[in-house]
Structures are given as C-alpha cells and as structure tokens.
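What follows is a group of structures, each given as structure tokens.
Here come two complexes built around subunit A, the first alongside subunit B, the second alongside subunit C.
Here is the complex of A and B:
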C-alpha cells in the first residue's frame, strides 16, 4: 500500500517554456510514425530526383533491344523493359514529373485559392457570390473527369496535365480558406482592429492570414498525393507524361502486355506509386494533427 | 466655436427577414471639446449602434443609415467614402470595447498589436512604434511593460487586457475616445482603477469622451452631461447633476429608482420598471415608453413627444411632465 502510494507521487511540475506554435507543432509531428515515414520517404525521393543524372546507372532512354524484358540482374538491378531500357534508371527519373506535378499544382492552387478565399470570405457580397459559384461548379462535377476532358481537349502532355490539375485543385484550397476566414471575420478583435483604423489589406495580411495559414498549409499538403495519384492515373492512360520520358503510371500501363510473365515490370512502378502517395498522405495527416489546436493534447 | 462632434437626426435601421428593426430613431446631440458625455439606457436601446454607425462600423447590409449627419469638426462622417474611414478611426475617434477577453487577437503579441496601429496611422517605423508602445504600456500601468511586449493576450488577466485595450485606443492620440461599456466585464475594484486611469488620460491628452454604460454610479462620477436613451430615442438629456437631482422623464425616474441603495435591507425588494422594452420592429405609435409608463394619458399612445428644452441645461420628451412632478 505504501509502495503504491509512493509510486503515485507526482513529480514536481516543471515549468514548461512556451517556444512558439511551430516548435510545438514539430514536437507533435515527430511523435507521429506515419508522418515521420512520410517525411523521410519524401525527402529521399526529392534527393533522388535532384541528383538523378548522377545517381542513375543508365540514361532513361537507352534502348537495348537485345536485352529486352530481362529480369533482375547485376547489370540491371530491377531488370529491363520491353525495349531493354533499365527499369531502375527509369523509375528514378520518373520521380521528377511526379514531384513536379505534385508541387507545381499545389503551389499554384495555393497562390490562387488563398487570396481568393480570404478576400471572398472577408468581403462577402458579389465577389463572394461569384467565387462561391465557381467552387460549387467544380465541386459538383467529378474532378477526375474534368481533368480527363481538359487534357484530351488541350492535347495530352505534362504541361497540360499540370494546367488541368491546377484548374480543379485551387477550388479546394479556396473553399477551406473562405470558410475559416468567414468565422475569423466575426471575431470581436477584427472589429476592434477596424475601429482602430487599420485598412482592409492590413487586417487581411496581419490578422486573418496568420489564422488561416496552418489550414492552407494542410490543404497544400493533402493536395499533393491527390495530384500525384492523378498524374499516375492519366499517364497510365497515356494522357500524361509523354514517352520517352518515364513516369510510374505510364510504366505501369506499358507493363500491361507482359505483366503475367514479367512481374518486375509492374511491381516496382506500382510500389513506388503506392509508397509515395502513402508518404504524402501520411505527411499531410501528421501535419493536420500537429497544427490543429483542437486535437492538441 | 464649432463643437467637436455634432450629431444631427441620426437614424439607423437593420433590415432583417422579420422586418425593419429601427435601432436609432433620429438622435441629435453636440459634444464640445474636452467634454465628457454619458449615454445610458437599457440593453438594445441603441447606444452602441449609434456610436458604431458614427464610425461606419456596422455591417451594411443588414444595417443601413437612414439619414442624418455626424459632423466631426464640421466634416460629415456619413458622407465620407468607406475606404477613407480609416483616416478617422483610431486617429480621430477611438473605441475601447466592452469585452477585453475577445477584443485582442489571441495569436498576436500585444506589443505588435498596439504598434501596428501606430505604424499605420502615425506612419512610424516598427522600432519606433514598439518603443512608443512600451511607454504607453507603462503609462496605462502594466507592470514590467518592457517584458510584456512579446506576451500574448491569454497571459494577461481581464484588467490587464483592458489596460492594453486602452493603450491601443489612445496610441494614435484620438480627439474623441468612446468607452463602450468598457468596465462591464471587470470586477468592481478593477472597474474603479480603470475608470480613474481613463479619467487621468483624458485630462492628460485633452480628449473628449463618450461613456456608454448601464452603470449609473459611474455616470454620476464621470460625466458632465448625460443622454438617456430608450428604444432608439433620446428621452432626456442634460447636465448630469441636474438630472440626478431632479429627473424629469418617468423612465429616467424609474431608472434612478432601480439603483439599489446601500440602505436597502435583505428583505426589501429591488425596485424595477414593469414590463419590457418595446419590440423595435413594431414600435408603439406614440411615446415609446408609454406601454410601461405609470403616467400615460390618451395622447401618449397616439402622438410621440419631441425632446423639449425645459431649462438651458435639461431637455426631456414627455407629454405629462406637469402631472409627473405634481404627484
């Protein structure tokens, strides 16, 4: 009994120093296994994509018909495809369009959606009405179909794929930012700053923006896996990255004829798609959990 | 000399789906430089709305300023373009709001919040503004001001936050300071401190003041003149001393009677005015106070009394002043 009580003794409370919002967010993020996996894997992919000309054993387009459809060997660690191109090199090179699509679309979506969302949410009125109708329009239609049609109409290419994804993905960013702005706008302290004579742009940038920034950052992060997955899917259908440039989705598509005899042709690109989408998703979820003050324990 | 503030027939309405809420119905008053005015009345009588309308801080729609003029040193604020109002707000007229718990941005250090206003209105550099902020925080009696610049509002008590709000309001040296029930959310001892602080600052900076309050004790102590509002109308206005000594309007009498005195014993009931304020969508056709008035006559129900000057220092809006005072 006494022992039990002794073990129950509470250690003296240490004075916890407040080190700022982002330090706390990082502390919470670090404890999240999936998020940390995501961070490491994404970091790894970025490094590979940056240094791929040095790292890759072969150029991505070196054709060697004599050694087509070879299994894994010392010369070709992940085997070769139907044209004798080195699978490992092609998989490594394919990290580039994947990252390009993921980041460029989401940066653009942020640059369009964030200001539109803040202004629409704060100002209201006709501007808000117009923006909201856009949001409604794009939310009502399946975004994948819109992208598919747009790419087909614009001619399949990586640029057009990125353009199509930007057109559909700013809407999400805009919607979440607008919603939060509308609730922040009604706070007393916003009225207080107006009474103090701050012009609107100053209220938006110094009071509203810091409040919506974490959520916009989360919107940015969740947008990436979606875009990456869309790129893989469209390249699989032959509407994305154009040959000879490699992409995981496209490689998966090409493996169709041989996959039953040569599983290495679809296993590795498929694995890469799965792992990277999972990594981005884990990163985004971890980010949300670590910056959302409502789940902060 | 031109008065600092001249409000003429200010009318404000809110257009809601239930009907038009007539919140302020043609109020007029003037305020001289250095004067202290108190606006009193029940909740919802239009005190705050009239002031917010003056600063064009009401959301339009649903609010709409139906008419009138608000002349600040001869310039009509209601005719100013909305995007020019920020030249008036803060640097000419500033408000200290009721609730210090929600009127500060929770995610911004208080130093930055105060400095921001000065950076914008006085065009100070950031460093200079922060130095000024430190002086201000010292002046409003925040202990250890230099180290508080980086503190967040949640680290402060209510009284300290109200001091911060005051520092913020006076930071740009406004000519007119409006205290919108600034002491309501504070406990009584802190209230007295805050009131004294504002009074001192008013003298020091030569500000003109409007106190919006329910607290009649405060009015007696602070304001030279008082305006009693009811249902969006001014029903009595004049020198505070006179009105407290000799209230004219039945509503003012009721209001003063309902202040519990120190001699009240436990078994005595509190005084109050029967009934409730009228529905602001369907105001009675006559005197707005008539449904609750003990002295009402036929005329009160059909015809609305205008504010009439009884002496040089007191005006009231009532048909039956003689009857009320020959009880």
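Here is the complex of A and C:
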C-alpha cells in the first residue's frame, strides 16, 4: 500500500524512475531546508561529541580561579565561568550527555514501545486493555511530574534521568504503533496470511512490522528533541547531570547571579540547547513529510 | 446523557485513585524520609520513632493510605513536614494564585497570538508570509522558556531598564510582563501550527466553496465559515493549555523567582515532603480533570451538533 502511494506521488513531469520507498523519501527529505540543517548540525554535534577529548582546548573541570568570569578572549574563546573553567570546552563536553539522553531514551522507547504496540494492536483482548490503561495513565500526567517523582525516589543523576525519560517516552511510541497496527490488522492481505496459516509471529514481523516501521521511525525521531529539551530543563533545575560533568541546562542553572553581568554565561549554552532541539525537530518534521506518515498528534 | 456523565465521572475517579496510589507508593518506597534531612545532626532512633508516631508513619502502608484517602475526601491533605504552620490546602491556596495568574495570562497570550498567526498562514497558504510565520512557529517551539526568559531579562531589564531585574516583588504589571511573554511565546508557536492545520482542513469543505461562489469576500468566509468550524478541534486542544500552564512552570518560576506552586513542588520532592508532593499532585489532577469536563461543556456551546446528539442519549 505504501509503495503504491509513494509511486503515485511522483509527479509525471519529473519522470523520475521509481527506485523504492526509501529512495523517494530521501529525495523529498533533501528538499527540506530545516531537515537538511538538522542533518548537518546533528552530524557536527556527533563528531564533536566523539572527538571532544582531542578537540577541547581544556579539560571540562579545570578550575582556574584567577581567571574566573572572563569574557571572550584568545585563550578562552567563549570566556570562562565563575570557577574559571573554559566555557568552550564545557560546552563541547556537554554534547555527550545531550546525545546520550536523546538516543538512549529513544532506542529504549522503541525497543519497549514497538513490540508492545504491535502485539497489543494485533492481539487485542486483555493484553491490549492493560497496555491501553498504562498509556492512559502515563499520558494523563505531565512528563516532568513523572520525571520529578523518579528523580526524587532515585536521587538525581544522569542514569536516573535517562530511566525516567524512558518510562515517559515508550508510551508515545507504543500509542502510535498500536494505532496503526489496529488499522493494518483489518486489511485483506493480513487476513490472507492468516488464511494461509502463517504463525502469528511471522505475520507480525514480516507483514505488519514493515508497514509500521516508517511511523515508528518518525516516533523515534520526534522523541529525541523532547528528550533533549527535558534533559536541558531538568539539568537546569539541578535534577540531571551531576557536577562537575557539564550539561547545557546545568550551565544555565549554575550561572546563577552572574549571568546578568556576564551574558556569555547564558548566551552560548542557551544557544546550543535551542539549536540542537531545532535540529532534531527539523529532522523529525522532515522525516514526517518525506515518508508521508499520517498521524494525529 | 446521564449514562455518559456517569461513565465520564467513574473514569475520572479511577484515574484519581490510580494517581494517588502511584504517588503514595512511590513517595514511601524510598529509604529515608523527611527526618533524615540535615545529616550533620542525625536524629536518634528514639526521636525518629516519636516523629513517625506523630505523623502516623509507623502504621502499615495500607492503613496510612486509607487514612490519607479518608482525609483527602474532605480536601484535608495534611500538613507539610517542612512548613507545619499551614495545611497543604492552605499552602496551595496561598501560592497557587501566582502560578495561576502567570500561567493563565501566558496561555491567553499564546492563544491570541497563535490564532492570529495561524489564521494569517491559512489565509495566505504557501506564500512567503506563510513560510515566515510557519518557520517562526517551529523555531519558537524549540526555545526553552527559561532560555527565552534569560534573553528577555537581559535585554529588557539589564540593558534597557524597562522592567525590574531584581526578581519577584509581588503581582504587578511590571513583574508580570517578562514571565508571561517568556512562557507564552513558545506556546504560541504550537498554537499557530495547529490553528493553521485546522483552518486548512475546514477550508476545503463544500460550504466554503459555496460561500465563495455566492460572492462572499475572503475575510467574511474566513471569519464566518472557516474559523467557526475550525474552532471545534482548536478548542479541544487549546483549553487543556490553560490548566497545563496554570499549574505553573517550574522553569519559569525558577528563572524569574516567582514563589509559585512549581517551586514548592521541586523543593518538596528534594526534601521528600510526602504530604506536600501528594497534595500538589492531586490538586493538579483535579484541575486538569475539571478542564476536560469544562471542555466537554463548551463543546456543546460552540457546536450545536454535539448538543443534539447528547440529548438523544
């Protein structure tokens, strides 16, 4: 069905040979400016995060009180914080927790939400009822409330922040996958596979999963900016990354009473949060438009 | 109608119960508690026992829960450990107005700006204006409110001196402007996106074409036919914005030093002040449930079709 749709969308004027769903998706994706910005920026951040020990001019925790709160200079390109730590190095190191939170939470959410959603949507019955109640319950609460509870119970740390975000984000993934599975289940070809006597697991993996995959991928992509946003916010409140490990949100939170006189202390971490959330959001929006998933969010 | 209301009400009650059990169990699942704060002077076993007995913490968990539930039914959520001079209900009523005013104004700002921008986008679909506004909508949704708060305070308070920079000094116009803008503008982007989508959907309807064919001008079609029909999906998603924002943003409250509920919630979860955490959670849940109920009622006002079908229940 998706293949048919995708081939229909190729306008006759262009006369592009149909090379498959993902090739077409990539072609549409490339035309989206925001999505391409997202791709470039995320690639850049990943490179920085991987090679930060080599790239960063100073260690992130090198305290130098003699040069505290300095503005931009040749020695410290983005200035220093109240303890004289180099802002540029700290900002570069902070890319690591950001990416870690973004990807780890969404991979885990996919691993939990996708199978649960497919099974619940296909099987229905008691299992579906239980899963739906869980979804209802978790979506009735604001996400930061759940995160706050867990952080309260487990003590603030990066691991617990990730755990808390996994618990809140699998729900979304599960909901969208379950919804699509329920409508795919009713289609004739699925009934045909059932009539052929295919075992359920094979119907799920080779007939339903390929239909659900684009949507799940979008769910994965759209979860990342939310998680990055959450990490920044909670670290800002002091509930995330523990000092001396840097995080952009935490740098903002720590800039305390100084930032109003030393704007470099909030401008750069704030800019990095905004640019990365925008990049991941652009990627997700671009993906949504290019694989043409119809979702009600 | 009666059957429908009963079903709605039981559903809400079940969510309340589940929520209270979840919070209750979670908050008592941890070793330590309010008495283990201040490790410099640890309390002796004896003192801890006295403390526990005073607050009924020595009873079995199930008994504690039922005592709490019985009191909660009369809106008595107990006294917070940290500030025992007020009951939880009193504390909420004292601090909540700050959050409610800031959040309510911010949500109104978001709805007004968002609806206007979204309508402009829909009316001028696929023009440069649409692109500019749509891009703004995406970008504004990605700026965290606290980052915007920092930027606004820096520009308008520190540099231009239009507003006080020294933090919060009571509810006044000057104190409110920046937090409301910082809180409302990012939300306006989302509102604009949703408005645009709803308007575009209702613009493709047959009666819109008919109206144009009759010779009604675009402004008239937009305001009388398109917007009124687009209002239905819009209201469903904008009304929950109010309780969401009126419960107070922890981030905005920290940035601007507003003594709202969010601040209390964070500090009470740090100090494991169970009673306060439970009380604030239930208060939020009640507020959110009430809005959903209100949304249903308002539905009937703006969409006569709903009124008709409801009566036939």
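Here is the rule we use: the second predicted complex is superposed on the first by the 276 of 297 C-alpha atoms of A that agree within 3 Å, B and C clash if a C-alpha of one lies under 4 Å from a C-alpha of the other, contacts with A are read in each partner's own complex, and residues count from 1 in each chain.
One rule holds for everything that comes next: a residue touches a chain if its C-beta (ideal position, glycine included) is under 8 Å from a C-beta of that chain, and two chains touch if they have at least 3 such contacts.
All figures in this text were calculated on a predicted structure; none of them were measured in a lab.
**Student:** Once both complexes are superposed via subunit A, do subunit B and subunit C end up clashing or fitting?
**Tutor:** Aligned on subunit A, subunit B and subunit C fit with no clash.
**Student:** Please work out whether A:20 is in contact with subunit B alone, subunit C alone, both, or neither, and reply first, second, both or neither.
**Tutor:** After superposing on A, A:20 lies clear of both subunit B and subunit C.
**Student:** Touch test for A:229: subunit B only (first), subunit C only (second), both, or neither?
**Tutor:** Once the two structures are laid over each other on A, A:229 reaches subunit C alone.
**Student:** Using the touch definition from the top, say if A:151 reaches subunit B (first), subunit C (second), both or neither.
**Tutor:** second
**Student:** One more residue to check, A:260. First (subunit B), second (subunit C), both or neither?
**Tutor:** So A:260 only meets subunit C here.
**Student:** Could you figure out whether subunit B or subunit C reaches more residues of subunit A?
**Tutor:** So, of the two partners, C touches more residues of subunit A.
**Student:** Figure out whether A:211 sits in contact with subunit B (first) or subunit C (second), or with both, or with neither.
**Tutor:** It touches subunit B, and subunit C stays clear.
**Student:** Can you work out, in whole Å, how close the C-alpha atoms of subunit B and subunit C get once everything is superposed?
**Tutor:** Nearest C-alpha atoms of the two chains are 16 Å apart.
**Student:** Which subunit A residues lie in the overlap of the subunit B contact set and the subunit C contact set?
**Tutor:** none
**Student:** For the complex, which residues does subunit C have touching subunit A?
**Tutor:** Residues 15, 18-19, 22-23, 26-27, 29-30, 135, 138-139, 141-144, 146-147, 150-151, 153-154, 157-158, 165, 244, 247, 250-251, 254, 265-266, 269-270, 272, 277, 281, 284-285, 288 of subunit C touch subunit A in their complex.
**Student:** Given the complex with subunit A, which residues does subunit B contribute to the contact?
**Tutor:** 55, 57, 83, 85-91, 94-95, 97, 99, 102-108, 116-117, 120-121, 165, 168-169, 172
**Student:** Please name which positions on subunit A make contact with subunit C in the complex.
**Tutor:** 34, 136-137, 140-142, 144-145, 148-153, 225, 229, 232-233, 236-237, 239, 252-253, 259-261, 263, 266-267, 270, 273-274, 277-278, 281-282, 285
**Student:** Help me check something: in the complex, which residues belonging to subunit A touch subunit B?
**Tutor:** 21, 187-189, 191-200, 202, 206-207, 210-211
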